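Note that chain A is present in both complexes that follow, paired respectively with chain B and with chain C.
So, the complex of A and B:
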């Protein structure tokens, strides 16, 4: 159910776009209205989510650490694992955001001889994750050619590297294949590992199916079914220059691709995909590990009535002396 | 709100990235490319037709050229028989570019618009066109 529901939801979305464009001729709806609405939802939604996060107080230093905190001068501090200054935090965040360092530490527990629990390094998740994210980034950047006229020269450079195997025509882009392979691995991993399958929800499968759908339609469109790329660019340039046009001769496969992408954008702020913004706002990663250096005051603390020792001694000095309890002031 | 400065900075970066296609196109006019077919050779043709239909050529020309390359260079077969049974000599420079001698006004028009850089001209010599 947790797998079938999102699977059929994506199938339904594909059919919706096919029927809408081929059957009902709703080119304007699927080519203009839906993309605009999706981009608007995406931008406003992400800002809203970030502002909402920013409103939550973080009263305590809850940085996760696995290194030596800054302490006595002759004990070596692990600056990246247990940062004590902003610069160290930036270093730690950069490694996390750009290289997925915490995934690199992923380990797997296994029962050997049915009695010994053995932990071993498990880099497959990190590998698939980083391959997926970076190919997605390059695929996204490659699409700038549909939104810029003339196309900037760095995109040609990117395409040259991406297609340097020179397989077929149009040239095979490696990132498209890697993206699809990595996202398929991430999906199969959820199915194959029982513990991961147990904690996986519809909200985990839906983005995977959606991205598999987007990558598949993109690859189909470029290499197999073909579409009128000049018409596609007319449409996209119309969208970004706020004077939308619907060119003739652009096939349904393009509208399916565009619709799935629009759904991804619109779904983004409401989903786990918000980890794009969330990674920067994770207190366990972006706080300095200086909980012993600075005292953090809980912002919603009400003023607590305290009775200090000095006041206590002042009050009970005579009685303490009579009981022969040592006092600080005579 | 906490860390207002950092949050606003992050949101500004995000918005700049997300709306890049919109603001980078303000004030720019982009016209749809119209590849020209008025070369002398084409004008003298009785039947103005490429080796295959226009619709086929529009979406499949790159694949056809790729097959032609493999066929001529790797297998030594220099004859192409089209869907109507007509024979053509497989040659980019002597068949294709004979009619479409206006690379700048024909090939480059759509290729530049769609940011496609075919690697035909890394082996073939680019046609020298008369400056108009």
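So, the complex of A and C:
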């Protein structure tokens, strides 16, 4: 159920776009209305979610310290794993966000022969994660071509780099293939590792299927079902210049691709995909570890009921005197 | 309850297969030896905890207050608004599973609900149902579920199978810290009066008497006097500590576990000997006689109430700064919470070692340093005469305590000290030490006796790493700087790695410390013969 439901949901979305465009001629709906609505939902939704998180304060300094603290001058501090300045924190966050530092630490723990726990390096998830996120980023950047006239020169550079294998015509972009391979790996991993399968929800499979659908339709369009690229650009330029047009001759596959992308954008703020924004707000990573050096203020700190020394002495004064422990009141 | 008798070989038959049924459809099975007894009403009354009532974990009916659901949901709402950590961690998990095999309880039980991700999902599913649009509309498909009594029991059972050790948070790509989630989960159970006896007892003791063990002032003193006698037997020197003395330069606060029972007292003897040798102008306090904080395992507010005493006492006695003993969670609380709760301690001075002149800038706001930082500085400056050969009968490894490691980051200081007082030191495998260290299995108030199976299972990964260095190098001593380790690791060692002793680092210092005017030593602090001195007495 957890797998089939999101799978058929994505199939349904594909069919919806095909039928909508081919059967019902709703080109304007799928080419203009839905994309606008999706981008609008994405922007407003992401801002709303981030602001909602930001509204909750960070009362305590709870960095997870993963390296040596700042201490005596002859002991070397690990500034990236236990930061004590904003600069260190920026370094730590950069490693986390750009290189998935924590995931890189991953080890696999196993019980061998019912007697020995052993831990081996396990970087596959890290590798797939990096491959997935970076190829997705480059694919996204490549799409800027559709929203800018003339095409910015850095895109040529990116495309040269991405297509350096020089295979086929149109030239094969590596990132498209890597994206599809990585996302497939992430899906198969979820399916075949029993523990990961056990914790997976529909909400974990749905974005995977969606992205597989997006990558597949994209690759189909570029290499197999040739699409009228001039028409596509006309449409996308229309969207970005807020004067939408629906050119003739753009195949249904494009509308499927665009619809799935729109769904991904609209779905983003309501889903776990918000980890993209959340990682920046994670208090265990974005705080310094030197909480004895600088006092953190808790905005909701309030006075609490305590047991004072006077009350304590009142109860134990005789015993204290007997034991020759100094007291305030004789 | 029957006694826990399972043999290690039985416990090692760990089934890592996932159940056939989905976790939401797999009801919680509250098993004997895996949970602690409920709190006594009188202990909860002392600190005014809410909804005190009679209940037993195995009973069908937990006698919950009528509006229990409302209490829990309001409790979640309030905490989402107070803690960004909780709020963000409820939302951003992608269930990648990187945390799964990082948890000592998962490795020791194979129970999928002990995977940190699933432990958190137990509560996240409730969060989604009542606090997210998707969860409200799509229900189970969106990973949401109703809060029922069975769900509550499940939350209770598994939040008391987590020791807030934060190992999972080291590996999480978003830094999701299960400790934050467990802390909230436990606060919720506390609102319903579902507290553990082993936690509530120490909390009540600490509140009224100043320490977890409930030692009254004269007993604090007499316990230390017993140690003074032993020190005299061993060294011929009578140390002379003071109590509640106004005008001392330093207030010394250590977990009360060091004042009662072995091997904690050996650590305390080490402190007494070191401070005497230095001629340190310090005092013990019977009022602030607890460094640890079991309140931290009930609620943030209770932790603050207990922690209050340390600064209050420092102020009353007029000391310049505070020195803290060897403890784990005590230092998480001191390092990351105390200044925020009960600071600023502007009546104190930045800690400065009167022996070396070192100013501890890293504690310039809190005004409190760890005794191991203090000792490392002394050794570095050559202020101690040490004879490490007196520890030659010990082959030592070092167990980083979770909180010192991941809530503070003190890794080099203890190692530096050990290497200077012992000749035989061996590290456990790198994936089990430093920031990747394993919990002893009994932290966060789970160090009772009725939950022994849980403790032994949770202690397995640590014990297994000790076994590795025992088999390879003949290690016979696990050094540590945590009172809970000293109180609980011995049981785990006896079970999994028999013949291995547990010792605080100051015990090792005490053995090696050559004191002015001492007699020729023939015994270590345990009153056992020193190497080469067997049969001398």
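By our rule, the second predicted complex is superposed on the first by the 301 of 330 C-alpha atoms of A that agree within 3 Å, B and C clash if a C-alpha of one lies under 4 Å from a C-alpha of the other, contacts with A are read in each partner's own complex, and residues count from 1 in each chain.
Operating definition for what follows: a residue touches a chain if its C-beta (ideal position, glycine included) is under 8 Å from a C-beta of that chain, and two chains touch if they have at least 3 such contacts.
Remember, it's a predicted structure, so these values are computed and weren't measured experimentally.
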Inset, instruction - Go through the superposed model and pick first if A:42 touches only chain B, second if only chain C, both, or neither. - result: first
Inset, instruction - Applying the touch criterion given at the start, work out whether A:233 contacts chain B, chain C, both or neither, answering first, second, both or neither. - result: first
Legend entry - Partner chain(s) touched by A:166 [first = chain B, second = chain C, both, neither]: first
Legend entry - Touching partner for A:151 - first (chain B), second (chain C), both, neither: first
Inset, instruction - Applying the touch criterion given at the start, work out whether A:57 contacts chain B, chain C, both or neither, answering first, second, both or neither. - result: both
Inset, instruction - Look at A:241 in the shared chain and tell me whether it touches chain B only, chain C only, both, or neither; answer first, second, both or neither. - result: first
Legend entry - Which superposed partner A:129 touches (first chain B, second chain C, both, neither): second
Legend entry - Most chain A residues touched (candidates chain B, chain C): C
Legend entry - Shared contact residues on chain A - chain B and chain C: 54-58
Inset, instruction - In the complex, go through chain A and note every residue touching chain B. - result: 39, 42-43, 46-47, 50-51, 54-58, 144-145, 147-151, 155-156, 159-160, 166, 168-170, 226-230, 233-234, 237, 240-242, 247, 277, 280
Legend entry - chain B residues within the chain A interface of the complex: 1-4, 7, 10-11, 14-15, 18-22, 24-26, 28, 30, 32-33, 58-60, 62-63, 65-66, 110, 112-119
Legend entry - In the complex with chain C, residue positions of chain A that touch it: 2, 5, 49, 52-72, 74-76, 78, 81-82, 96, 100, 102-103, 105-111, 114-117, 119, 125, 129, 193-204, 270-272, 274-275, 278-279, 281-285, 289-298, 300-301, 304-309, 312-313, 315-316, 319-320, 322-323, 325-327
Legend entry - In the complex with chain A, residue positions of chain C that touch it: 9, 12-14, 16-19, 22-23, 48, 80-89, 91-98, 100-102, 107, 112, 115, 117-118, 121, 132-134, 141-143, 166, 169-177, 180, 207-210, 216-218, 221-222, 243-246, 286-287, 301, 304-305, 308-309, 312-313, 316, 334-337, 339-341, 343-344, 358, 360-366, 368, 373, 376-377, 380, 405-413, 416, 429, 431-432, 435-436, 460-461, 464-465, 468
